[in-house]
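Next up is a structure, given as structure tokens.
Chain IDs A, B and C follow the sequence of writing; residue 1 opens each chain.
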């Protein structure tokens, strides 16, 4: 009897937390399809899209479908969420490709080739994990200026100038460099777990080292690559500090940066619907990726937990 | 299948690579002989529509010379340009505030307008300098060089709705005790007396400065501006702090301290609060949310009984300052655009479009402005001039770390006026002792010229 | 045939990109940060060597740096302890095969994948003092119900300004716990699932209660992972930036600053690069030592089974 009460209590607590987690997200989704007027009248109501609008005969109040469309169009087009989204896709996509490629190459060599200084190189990369991003933030800012000036001087005979600030490529380079320690750590672990005999077999069969890497090792390390990709994706898509410092032009802002600046503007114009629509645009990609790939993600954390 | 994927990836490669190479551009010289002047504007209460209209007109006028204005606005414009100034790649014209101007002046990073001021203003033969109301050019002047041009005049006043006042039979207070009474009567009528933009305590600063002048006269303001020892702890200043705190504790709207400026101003225009202290941008900033029959007017800070200050003076200065960084790509053209922006030709239009008072003398026929602004001109009419306290712009660190938190604490009732004044005094003393802070010499106001006892 | 030389080339080409990028964009700037911290520089004119003056100013600046550091510590201990306790609790419950465990596991992790900026904005809305604020409305209702029952507690003035600079650091704790619990729960759950079932069966035979089983079997055996979790929390609370920056509209006061926001404001707002770099160097030292200490403390007993 006490046991069953205890069980019920546990379920209750779990349910409370579930509501606490899900309700705000649901609230944001619901409010993104309601007009600002509707939200102002009742911040927690069910969207008129579902229950019908009490102002159906009032031409001044937008119809439910129109309101929903209005919010997202305002966010996507007028507030430039489309360009924020595009920038985030480019930056995250290219960075991911770069991170995985470069880290896999380095991790493979570290894991499988006992050359002199192997351990030192590994520790060199891993020590990067101890370096908080804030330490390198300021020097990198001035370094980018120096590099831009230097490269501009190099390229000016060609009529070109280089400005690493306010550019997606600058951000990409930074993201790749800063993600190397973690990814190399993860991938080295994975490569180490693959048997060395595979490589020897491949070489005997006439493969080059590059071939072994491309055709044998890479495919086998897919779980590790996927895990690293998911973690990096989540981190990069949501990254704010570096984007804030290195990107000032509106045209080049990524989603978190754009959301932050728009929310301040929405404050000026008190357009709530817009704000919620923007929040939805920011939240949906990562939620989708998570729901679709949560098994790999959990597996990645599990394996990470095992390795300690 | 594998091959198809490979071809797809290869085809998509340019999609990845090309945008990823956006760090490299063609130099403007190569892309054509067009000179693009970049103008960054703070998009706040006044919006940027008028500025864009002027920019477009200027571009049209100078299209033959290949000059084009690229004007953009943002409420957070200053956050965007601060890093750009640091990396030597700023816009050509800055129409905003909140960056460390004196540091830039000290490092030689701002262009001087002095040369342009000596020359004739746009559209006349009179030197540009002579057109400005006395005191408006002084904010960022050092060593005889003027580093900032005001495009508007700022004044601090108390706003109210004459409709509400008529309905309840209230009248504009002429003294501080009348003001106190008025607030009590407002509260009794079930309305919050004073709305306040609590999340930004600096909104109380100008009210405080005006109170200091009312209590201690321009002499007290001079002492503050000169950073004299004991300037903040004099009895007049402490009294001003006490009056400010009393108003906050007795008459501020409940929950005001957590409200942003838009939230509290919304409360004001919706009639939940009767009064609000604010600058001249209030009407324009709230124009989309103000009910159509709201009659926004203002009155000057009332006289304080037993105070030494002339109650006709008002707290104000040259506002909406424009700067030209020395790292700008086209400094001369930038300065020329500023000449056009702040000219007799454009002043009345500016007033009509965005409701500002021009810093140029005689540029504003009352008929050109809204009834709200007419009340401002009324307020200014009898006054011999304006005064301001330069400390917040001069000492940014002091402003952020001492002034704002101290004000917030005072308004919440967590500290006494004495402690508040002492905190400010100590902060200013520390700044004075700090050899790294540049303090330009101060030219004091002449109390006699402003109708006060010396 | 493979020669040593060719293999050397192979190793070099594969390591070169990573080495190049890491050295230029991580290693070199880290060292330069130290250089900046020992100089006085406004980012515009020429830097001036001042030795440890920035650090001394830092520590004497009791209004800003020390207070900000206290805020980080507050987040670390209060937020960290709450998160660890809750996540351990949930992991323990879900581990003992509650029905629908996988649903809970997936759902609780949601907040972790959302941008910290979005979460901060969401909580600003939840905390609002106007009609938006769920939390204030709930508290108001609770206060009214309690008043009807004759209880005058809690005696606070509603609506409460949670997002006011003075209180925002406290208000961040629920947000932090809400976000992080899911992650640590998944982490601990994964570790718990490694424990052989036989241990629990033996304990049940011996008559041990659920709680005793947790204390003597579960917790000791996930100690390593728990330590990793603690290290993450410590580092995370030292680097905390996004939420405060957004909630304070990019203008924190000394009541709401944390180390990272002090860094940003000093360098990019006040153009005081030396002071900001000193903060960065100190932050690095703190992270370094916190990691070392936590690892050392856990090294005492590593349980094998």
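One rule holds for everything that comes next: a residue touches a chain if its C-beta (ideal position, glycine included) is under 8 Å from a C-beta of that chain, and two chains touch if they have at least 3 such contacts.
The structure displayed is predicted, hence computed values, not measured ones.
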item	value
Chain pair with the higher count of C-beta pairs in contact (A-C, A-B)	A-C
From chain C, the most remote chain by mean C-alpha position	B
Chain A and chain B: spacing of chain centres that average the CA atoms, whole Å	39
Approximate Å spacing (C-alpha centroids) for the pair chain A, chain C	18
Set of chain B residues in contact with two or more other chains	76, 79, 83, 86, 260
Chain A residues counted as touching two or more neighbouring chains	141-142, 245, 264
Per-residue multi-chain contacts in chain C, two or more chains	43, 249, 268
Residue ranges of chain A in contact with chain C within the complex	10-11, 13-14, 17-18, 20-22, 24-25, 28, 40, 43-44, 102-103, 105-106, 108-110, 113, 115, 121, 124-125, 128, 130-143, 173-174, 176-178, 180-181, 184, 203, 209-210, 213, 234, 237-238, 240-241, 244-245, 255-257, 259-260, 263-264, 275, 279, 282-283, 286-287, 289-291, 294, 298, 301-302, 305-306, 308
In the complex with chain A, residue positions of chain C that touch it	2, 6-8, 10-11, 14-15, 17-19, 21-22, 24-30, 32-33, 36, 43, 90, 93-94, 98, 104-118, 121-122, 126, 131-132, 134, 178, 181-182, 186-187, 190-191, 193-194, 224-225, 228, 235, 238-239, 241-242, 245-246, 249, 259-260, 263-264, 267-268, 273, 276-277, 280-281, 283-284, 287-288, 291
Contact footprint of chain A on chain B as seen in their complex	16, 19-27, 29-30, 43-44, 72, 74-76, 79-81, 83-84, 86-89, 260, 262, 266, 285, 288-289
Interface residues, chain B side, partner chain C - complex	76, 79, 82-83, 85-86, 99-100, 103-104, 106-109, 198-199, 254-255, 257-260, 263, 396-397, 400-402, 404-405, 408, 412, 436
Chain C residues within the chain B interface of the complex	40, 42-45, 63-64, 129-130, 157, 159, 161-166, 249-251, 253-255, 265, 268-272
